[in-house]
Every structure is written in structure tokens, then in C-alpha cells.
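Both of the next two complexes hold chain A, though its partner changes from chain B to chain C.
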Partner chain A sequence: MKSYKICIIGGGIIGSSIAYHLAKFGEKNVAVFEKSYISSGSTGRCGGGIRQQWSARMNVRLAMRSVKLFERFKEDTGFDIEYKQGGYLLMAYSEDEAARFEKNVKMQKEEGLEVEILSPKMVKERYPYINTERLVLATFGPTDGHANPHLANFGYIFAAKKLGVDVYTHTEVEDIDVVNKKIMGINTTAGYFKCDVVINAAGGWSGEIGKMAGVDIPTTSYRHQIFVTEALESFFPFMAISFDGNFYMRQTKHGQFIMGMGDPDEKPGINRDVSFRFEREMAEKMVKIFPFLENTRIIRHWAGCYNMSPDAQPIIGCSKDVEGFCYAVGFSGHGFMLAPAVGEALAQKLIFGRPKEVEIDFLDIDRLKGKSFEVEGNVV
Partner chain B sequence: MERRIKNHPILDFEEKGYVTIYFEGIPIKAKENETIASALIANGFDIFGFTEKGRPRGFFCAIGKCSSCLVVVDGVPNVRACMTKVRDGMKVERQVGRGKPTWTEPE
Partner chain C sequence: MDRARVKAQLLVVGGGPAGLTGAIAAAENGVDVLVVDEGLEPGGQLVKQTHKFFGHQGFYASKRGFEIAKILKDKVKNLGIKVMSQTTLVGFYDDCAVAYDRENNRTIEIDYDYVLLATGASERFLIFKNNMLPGVYGAGAVQTLMNQYGVLPGEDFLIVGAGNIGLIVAYQIMQAGGNVRAIVEISDKVGGYEVHANKVKRMGIPILLRHTIVEAIGKGRVKGAVIARVDENYRIIEETKREIVVDTICLAVGLQPSVELANQLKVELVYIPELGGYIPRRDENMRTSASNVFVAGDLAAIEEATSAMAEGYIAGYAIAQDITGKDLSKEMERYREELNDLRRGPFGEKIRKGLRKMGIDVPSGGYREENQKDFGPVGKLRAVIECYQNIPCNPCEAVCPTNAIDTGGNINGIPHINYEKCVGCAMCVMKCPGLAIFMVQEFDEYSVVGIPYEFEPLPEKGQKVILMDRGGKEVGEGVVHRVMVNKKDKTHVVFVAMERGLERTVRHFRLPTREEEKIVCRCEEVTREDVEKAIDMGFTDFEELRRYLRIGMGPCGGRTCRLLAAGILARKLGKSIEEISPMTLRPPSIPLPFSAILRGDEK
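Let's turn to the complex of A and B:
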């Protein structure tokens, strides 16, 4: 019977980052189980944005640590992930949102983040290709950016393998063996694996994996759609995003525009179908704000899921009820950008007893047991 | 042999008169209702543009799928020569690499 110290469920960017960081800090007796292929889930379907402009202070800290790690990703893993610090332009279309942005910027500056407030006139001067009609205010964080999520996912998994981690793709975890409230192993389509620790990094399926261990994970998955256009010359270095305008868009290294928006009518569950309604609504909205898109054709359209937590912040830690069951789930649409910091912090917590670079205790599942928690507002 | 598309799997070509379009500034005779690609090939122009690395591109799939025939039409890039019909006075340029963004300011 094969045995590992730690089995990670999920070969997305979160599971891969945790595996890489565990091995990097000395714990190489680790295996990753992925039911499909690497980056087949939410990671490979995401927009690829990397943002530090959050409304909750602890999220700003976590994201700033992530950016530090993205900056040296190539050095650490040997992988070029098309990382570009082209900035993030946050666009507010209401007075309320503008007031929140001003408050957030003050807090973000206290945390040492480089960020500035732009009037619609300043936006138009800098970016004449944006229609600033109805725009109330924008903020710009020059050290935010974006990267290719597939490459980042593969970067971590290959680096982890090189350090001795085993990776099982096309291997589904069917059950978790818990005896006397303690993890004993996992049952998979490739047989039984004995282990001391199971890490739930299953993204959209985090709730189901929780149930296998008898741990209630309060996450729900919702479909989010994205489409991509044909390529134009590179001229749009930043990610443009609006929460009250409900959109985000960036230009890939190749020159294509990737964009998405949320749908309040979306039903919970894993659904990877695409809808013409999304295509039409997204295109109509974006052509108004970014008029150069009018002559640009859509070439592909896909769907992935946000694994939502009740306060739109991730749930990270280890269960107090089942010994050896840990989780990094419920990223609510921003798992890709947080993955480096989260993987590092959780690996350090497991090996050294606590994270060394950034706090993650505030993301423990217990926060959601109380009635009041701070909901992260900066989510599309 | 006339190098001109007479039958197309997905487009109709009704035989009509002639119009003039400009390719790289050169006036050429095109049949009304035919595609830009058909007019260019008929007039001896096989190179519709170049990749960023300078490799020539031209007519390939002929049905709007492959993006090999992209040209700049009246300043707008990424126009499929194989699917876009000619218009009298149309200005067609070779596209080099990816297109530049174009837009009209909303009123």
C-alpha cells in the first residue's frame, strides 16, 4: 500500500502551490490528486488577474505577499508565466462606490500599497481608448497585474514534481478514510493511499470533499463565463474592472481580450455550459465602455466556477473536529491571484506550526460560525 | 484561365458590373458582389499581408475560419478578405502582424 504524509485533493493552482511550498520547505512526502488534468478546473478557466486593491485589510496583506511571490515566480520555478505588472484600473460608476474606493485607498496606502485615485478626466487623458461616460472615479494600482493561469499552474506542479512530490492526474478521490475523528487515508480510482493529512483544495467540489471527511465546508459553486476576442496589437497593459459596473477585462500577451462578468441569476452548482445571453450582454456592455471592441470578433467562450464562501473570502486552515483534515477553499473568484501566498502560508503552518510571512488565521472556518463577518466587497 | 471565384460554398456571387477598389493604393477592377479575396487573386495579388515575423499570408480556408487572409479595410484591421464583399472605392491595405485598435468616439 502506498502511503504519504500529506495528500492534496485538487491539481489547480491552490493544490499545486501548496504542494510546491511543502516540498520547498522540506516536506516531500506529498501527493497531489487531480480527477481530470492539471488546470482543468477553475484555474484554467479564470481571467488571470492579480490584484492587491481589496476592501478588507487582511486581504490586501495576503495579496501583497502574493505579488512578491509572483515577482520571483520565474526564479523560483523556472517557469515564465507571462506575468505582467501592468496595473489594475478599478472603475466606480456610483457615488457610493467612489466613496468606498476612497476609503479603501486610504487603508491600502497605510499597508504600503502603491495606488492612486484618478478622475474620469485623468482616465480619458491617459487611456483615450476608454469611454469614461458615467464614470465617477477610478483607482489605479501600478503593481497589480495579470499572468497566464495555465502556465502558473503548470509552473508550480512541475517545480513540485522536481522536488519529489507525486502527482496523480485523472485520479478521482472517492472517499476519505476517517477513523475516530482522525484521517487515515483516501480511496481513489487508483486505489487506497494511507496518509496523515488530507488537504482539500478541490475548488468547485470543496463542499463534496468536506462531506467525505464529515466536515461541513460552507461553500457554494456558481458558474462564471468568459469570452476572448481575436488579437490586436498590445496597447492595454492593465486589467480594467468594475464591481458596480460588473465587468473585468484584460489583454493577453498574445493580444486577445479576455473579459467576464457575474450573473446574479446564476443557479448554484457546477455548470460549464455557455449562454448566448452572456455573450450578448457582455459584448453590448463592453463595446460602450471600450469602443475599440466594436470591430473585434469573439473567438472563444467558456465557463468555469467561483467557489463562493459566505463572506467572499477564502476558508483556509485545519479542522478542529477531524484531525489531519485541512482546507484552502472558497476563494470566491480570486484563488489564482492569492495562490502563491496561500500555498506558502499553509505549507509553513503545517511544517513550522505557523505562517512566517503573512497571517491566515483570520481566514479560519470559525469566523463564519458567528453571525457577523466582514464581506469582501471588491468581487465581480 | 481567369483566377476568380465563381462558385463559393457559403456565399452567393450574383454576376453584375464592375467596381473599383484600391489595394495598397493601386486601383483594381473588382466584380460587384465578389469578395475582396476574389478580386485580389483575380488581379494577381497573392500576398494579403505579413505576420509579425515578416512571413507572407494569403488566401487559405476561403470560408472565414482561418484568419489567414486578414486585411485592413478603410482603416479597420482584422477584416476577412475571403468573406467581405467589395464596395466601390473601398481602400484595402495589407495587414502586418496584429491589427491596431480603431474606434469612433460615441456622440
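Let's turn to the complex of A and C:
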């Protein structure tokens, strides 16, 4: 029978980052189980933004640590992930939102983040190709940016493999073996694997994996659609995003514009079909704000999911009910950008007893039990 | 009004290799020197020479021209020698010499005790129909534009003249990204060094002997040229005329000494065709018929930069000896010996003959003439030297760390290699100014040849290349095995693996052009090689492979590439296509404009 110290369920960016960091800090007796291929879930379907401008202070810290790790990603893994620190332009379309942004910026600056407030006039001057009609205020964080999520996912997986981690793709976890509230192993389509620790990094399926271990994970998955245009010449270095305007958009290294929005009417569940209504609503909204898009063509439209937690913040930690069951789930649409710091922190917690660079205790599942909690507002 | 009047014990006219070395030799011995030079900066022709020089290791050999210029300029600066740049010496009048400072548009009067004329030479022109068309350049002009100013004056070149200058310019044009369609040479042999000729031949540039240019074609600028064969009397054979399409014609048909100032100084001029035509008569210490006037460099005889520097030193020391009374005969002797060695071989024959007419004897012979016969022990990584002319040059011998290479006691000797001593380090390959040394090693299944390479971009390990033989003929495909990067002087060594047996034939390679590369995905320009490389890296899951290479992410939605890439993967893994590619094809099936979606609202 094969056995590992730690089995990670999910070969997306979160599972891969945890695997890489575990191996990097010395724990190489690790395997990753992915039911499809690497980056087949939310990672490979996401927009690729890397943002530090959050409304919750701890998220800012976590994101800032992630950026530090993205900056040395190539050095660490040998993979060029098309990382570009072109900034993030947050656009507020209401007075309420503008007031929130001003409050956030104050907090973000306290945390040492470089960020500035821009009037609509300043936005127009800097980016004449944006229609600033109805814009109330914007904030700009120059060290935010974006990267290619597939390449980042592959980068971590390849680096982890190199350090000795085993990766099982097209291998589905069917059950988790728990005896006397303690993890014993996992049953998979490739057989039984004995292990001491299981880490749930299953993204959209995190709730189901929780059930297998008898641990209630309060996450719900919702479809999010996204599409990409043909390539234009590069001129748009930053990610543009609005929470009350409900959109985000960036230009990839290859010149394509990738964009999406949320849909409040979306029903829970995994759904990878796409709707034309989405294209219609996006076209109407985006051409108004970014008129240069009018004659651009959409070439591919797909869907992934947000694994939402009740407060739109990730749930990271280890269960107090089942020994050896840990989780990094419920990233609510921003798992890609947090993955480096989360993988590092959880690996350090498991190996050294606590994270060394950034705190993650505030993301423990207990925060969601009964008490009131702070909902992260900066989510599309 | 006060006039600018300058005094110098020695006035050097011309800041090329001869003038600068003369100035250095004199200044080192306490002479007050002024150099007047026409150029933007001193260095003369050296500043535009990007090839490595031949000669004695230790006497600037294996350094590139512009690097030699830098060394000389630094010495001049450190010695505090005054240099007037962008200044032309317009005349030696009976009361003073007059220089014209072109930058400030003013004249400067100069008093001097001695003069060293190092005015060099000008390019010869050629008479043919339409030779005034824009697009007809001298080789020097092409080098200036290309190597000093970074401008390539055309795309497709015809070069007239296969002396060293024509051959070197052809090579430099190729390095700069131009194409040389042909080199025509009216005589029946290449005038320049064989190693220089080989460098261009193996790139596939034809050298057409007994050919010349008849006419430049074009209105307003060169669009082509008519070339033809000539008979033994150099007359054009009409029926051999043919047109070639070029946009630039580069004349490299020789130089003539610039004797204008020598004539004004009333030194005796003699006509010696072997030395370039009219030249000042001078003795073995470079003194002309006027006792305070010396000459050096191309003005003294059309030769090359290394001999110009040796002559410069001799003249400088002779002048310093006159002025200071110091005995510098040993120094002069040393450089005369250097000159004798440079002129001893077959390429010095003309010079020897010319100098004899002036009563100066130069010894000849006394060096090894036999070629090495053996190719070395099969299977051992070793150097192979393809240098079969008696050229005064020995950097290979000097650089070899195990003393495996020797030129037989004289710098003009053919280098031989002792294969028991050769350790395969390839230092000689990187050093050889003629790029005439290669590395060879045979294995059971394949062979590897190390090729000196001075082009950009450098290929990467694993990259496919097109193999070429000594004549530039494509003889197959190879794979880059190893790249030895030579950061110091940029002659890199690229080891290419090839079919066994080709190691005796292949001496050059080129990178496949984009059109030749086997494109799998047209939208994202992914080649077959990219796909194979990614699979080898470990991207054996088709969906991962697609995402890594962006296959199918372009406007065509994967119509071209999907099955091609899947086929490559299937073959590599020994699986069927159905097994590996469950495909998700996403809308829209053709690119859909935002504007069309918006107009969907209109009734």
C-alpha cells in the first residue's frame, strides 16, 4: 500500500502552492490528487489578477505577501508566468463606494501599500481611452498586477515534482478514511493511499470533500463567466475593476483583453455552460466605459466557479473535530492571487507549528460559527 | 587680432593606427606631440573594424579593430598627447602648417619641428554604367554606416572585389542582418586570405572569379546590377552578362595612398604599383627625402593595420631619437623585425617586391609550409585547424593551455596540432581571427562539431539548425548540443550534433527562418518543435499542453492546431487521438465583434 505523510486534494493553484511550499520547507512525503488535469478547475478559468487593495486589513497583508512571492516566482520555480506589475485601477461609481475606497486607502497605506486616489479628471488625463462618465473616484495601486494562471499553476506543480512531490492527475478522491476522528488515508480511483494529513484544496468541490471527512465546510460554488477578445497592440498595462460597476478587465501579455463580471441571479452549483445574456450585458457595459472595444471581437467565452464563503474570505486551517484534516478553501474568486502566501503560510503551520511570514489564524473556520463577521467588500 | 597659433615638436597628421602609434612612441620618449585628425574621434579605420586582427599574439592580434582603437586612444590620453579631432590639415604653407577645425569653422596655424604623415589612403573608384546611382557605395562608407552608426544601407548587396576588405565587409553585412548576393572578383583568384573567404563561402555567398560589374540598374536608386565574366585580358564577355537583384553595390576595389600633403612638403614621390601607386620614398626608419618628414601606414604602402602600427612605432622612435638624442635603435629594431615577419610570407610578396624597388630588402621564407595531414584520433573531442596559408598569425599557438598547437617556429608557419596534447578546451576556436578552427568529436550514433559563431541571436541547446558545408551548401539538419558563450570577445562556439560522417563536411549552420519552422498553431505561432519540447518537459496531458503553449487560444479557435498538436502527442505517447483529446469547444465559434452584439438590440 502506498503511503504519504500528507495528501493534498486538488491540483489547482492552491493545492500546488501548498505542495511546493511543503516540499520547499522540507516535507517531501507529499502527494497531490487531481481528478482532472492541472489547472482544470477555477485556476485555469480565472482572470489572473493580483491585487492588494482589499477592504479587510488581514487580506491586504496576505495579498502583499503574495506579491512578494510573485515577484520572485521565476527565481523560485524557473517558470516565467508573464507576471506584470501594471497596477490595478479600482473604479467607484457611487458616493458610498467612493467613501469606502477612501477609508480603505487609509488602512492600506497604514499597511505600507503604495496606493493613490484619483479623481475622474486624473483618470481621464492618464488614460484618455477610458470614458470616465459617471465615475466618482478611482484608486490606483501600482504594485498590483496580473499573471498567466495556467503557467503559475504549472510552475508550482513542476517545482514541487522536482522537489519530490508525487502528482496524480485524472485521479479522483472517492472517500476519506476517518477512524476515531483521525485521518487514516484516502480512497481514490487509483486505489487507497495511507496518510496522516489530508488537505482539502478542492476549490469548487470543497464542500463535498468536507463531507467525506465529516467536516462541515460552509462554502457554496457559483458559476462565473469570462471571455477574451482577439489580440490588440499592448497599451493597457493595468487591471481595471469596479465592485459597484460589476466588471473587471485586463490585457494579457499576448494582447488579448480578458474580462468578466458577477451575476447576482446565478444559482449555486458547478455549471460550465455559458450564456449569451452575459456577452450582451458585458458588451453594453464595457463598450461604454472602454469605447475602443467596440470593433474588437470576442473569441472565446467560458465559465468557472467562485467557491464562496459566507464572508467572501478564504477558510484556512485544520479541523478541531477530525485530526489531520486541513483545508484552504472558499477563496470567493481571489484564490489565484492569494495562493503563494496561503501555500507558504499553511505549509509553515504544518511543519513549524505556525506561519512565519503572515498570519492566517483569522481565516480559521471558527470565525464563521455564530458570531458576526466582517464581509470582504472588494469582490466582483 | 591674435590668431590661434600652436606649437609642437612633432605634428602627426592622421589619427589612425600609424599616426597614433607614432605619437605614442614619440611621446613616451618625451617629445611634445600634436595629432591632427579628421574623424569624429581618433582611431582611423580601426573604429569601424569589427573583425579580429591577425598577427603576433601580444601585438594586438586576435583583438577586434575597434578594441585596438580603444587601447591606442587610452594610451594617447594617458600620455597627455594633444589631439585635434574633426580637424583637417589643409596645407603645408611655406610659413606654417594650417589646420581647419571643422566643428568650430576656424583655421589653426601650427609650427612644428617634425612631421609624421599618416594620412592613409582613399578608396579607388570603378567605372561602370550608372555608377553614380544612389546605392553605390565604397566599402569604407558601408562600414562607417553599419559599424559606426548602426545603419545598414541596404538589404541585398553586391560586392565588387574579393580582397580582404571585400570579404570582411561581406561578413559584416551578414552579421548586421543584410544579404550578400555575390562577390565578384575580376582576377582569377581571391586576393584576400583564404580563411576570410571561407567565412563567407560557408554562409553560401558565391565568390565569382573572373567576373565584374558592368552596369548598375535603376532609376533614382540601385535596383539591380549587371555582372559578366571577363576574358584573360579583363574584357567583358558579352554573352555572359546577367542581371542580379540588389539594392546596394559595394565597391572594394583597392586603395590609393593619400599623398597630397606629402607633395606639399616636397618629399620625393615614386610610382611603385606594388605599394599602391605614387608613394613617398622613404628609408627603413620611415624617413622621407626631407629629413624632418616621416611617413607610416597606408600612405607609405597599402598594407594593413598591424604593419601600419609597426611603422608608426618605428617612425615615432626615429623622430624621438632625433629630437632627444636618446638611443632608440633597439626599439626600432624590434618593430622592424615585427614588420619582416608580417611580410615574410606569400601575402608579403608584392610588398617585398615594391620595397626592393626603394632599396629596402625584406627576407622571405623560413617558415613551415606543409599542411597537417591527419584529422586526429576518431572519438576524441579535439580541435581541427583549417588554416592552410602562410599568414603571419599565431594566437592559436599562444592561447593553447597545453602547448598542443605550434606554428613551427615562425609566425608565418602553418599551425599543426599535437593530438596527444589537445584537451578539447576550444580556446583556440574562440581566439582564431580567421574562424578557421573547429571542434570535432565522433560518437557511435552521431557526431558533434563545434563551430565558431559570431551572429545573433545565439541558438539554444536543443534547437534545430540547418547544417552547411564549406561552400554554404545545406547538407542536413542538426541539433544544438552545447553553446560555449564567449562573453569576452564574442566569438562563441556552438556545438552541433549531426549524423555521423557529416563532421568532416559541416562547417557552418543557420537558424531556420520562421517560414521554415513547422508551425502547428498559426494564431500563436507555436511550432512543432515547441510542442515536442513541452511534451519532453512533462506536459503529456493534452489539456495541460494546450494551456501551456496557448494552442487553440487564438482567433481560429483551434481549427488549425488542435488535431495537429494532439497527433504529435499521440505519436509520442503511443496512444490514439481519442484517448488524449476530449475537447471542449467554446463559443463563439468565429470571432464576434462587440458592435455586432450591441446592434442585436436594433429592431
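Please note the rule applied: the second predicted complex is superposed on the first by the 380 of 380 C-alpha atoms of A that agree within 3 Å, B and C clash if a C-alpha of one lies under 4 Å from a C-alpha of the other, contacts with A are read in each partner's own complex, and residues count from 1 in each chain.
To be clear about the criterion, a contact is a pair of C-beta atoms (placed from the backbone, for glycine too) under 8 Å apart; a residue touches a chain by one contact, two chains touch by 3 or more.
As the structure is a prediction and not an experimental result, all values here were calculated from the model.
Asks: Both complexes share chain A, so when I overlay them there, do chain B and chain C fit or clash?
Replies: Pair status: fit.
Asks: If we overlay the two complexes on their shared chain A, which of chain B and chain C does A:A23 touch? Say first, second, both or neither.
Replies: It touches nothing on chain B or chain C.
Asks: Of chain B and chain C, which one touches more residues of chain A?
Replies: The larger set of chain A residues in touch belongs to C.
Asks: Is A:A283 touching anything from chain B or chain C once the two structures are fitted on A? First, second, both or neither.
Replies: Touch status of A:A283: second partner only.
Asks: After lining up the shared chain so the two structures overlap, which partner does A:S40 touch, if you call chain B first and chain C second: first, second, both or neither?
Replies: It touches chain C, and chain B stays clear.
Asks: Could you look at A:E230 and tell me whether it touches chain B, chain C, both or neither (first, second, both, neither)?
Replies: both
Asks: Looking at A:L163, would you say it contacts chain B, chain C, both, or neither? Reply first, second, both or neither.
Replies: A:L163 sits against neither chain B nor chain C.
Asks: Going by the contact rule set out at the top, does A:G255 touch chain B (first), chain C (second), both, or neither?
Replies: Touch status of A:G255: first partner only.
Asks: Is A:N295 in contact with chain B, with chain C, with both, or with neither (first, second, both, neither)?
Replies: Touch status of A:N295: both partners.
Asks: Thinking of the overlay built on chain A, is A:N131 touched by chain B (first), by chain C (second), by both, or by neither?
Replies: After superposing on A, A:N131 lies in contact with chain B but is clear of chain C.
Asks: Rounding in steps of 10 degrees, give the angle chain B-chain A-chain C taken between C-alpha centres.
Replies: Computed from the C-alpha centres, it is 50 degrees.
Asks: Quick one: minimum Cα-Cα distance, chain B versus chain C, in the superposed arrangement, integer Å.
Replies: Result, nearest C-alpha distance in the overlay: 5 Å.
Asks: Once the two structures are fitted together, what part of chain A is touched by chain B and by chain C alike?
Replies: 230-231, 294-297
Asks: Where on chain A does chain C make contact in their complex?
Replies: Residues 36-40, 44, 150-151, 154, 158, 161, 169-170, 228, 230-231, 254, 256, 272, 274, 279-280, 283-284, 286-287, 293-302.
Asks: Using the touch definition up top, name the residues of chain C that touch chain A in the complex.
Replies: 524, 537-539, 541, 543-544, 547-548, 550, 553-555, 557, 584, 586-588, 591-595, 597-598, 600
Asks: Give every residue of chain B touching chain A within the complex, in rising order.
Replies: Residues 67, 76-78, 97-106 of chain B touch chain A in their complex.
Asks: Please give the residue numbers of chain A that touch chain B in the complex, ascending.
Replies: My answer: residues 129, 131, 133, 230-235, 255, 288, 291-292, 294-297.
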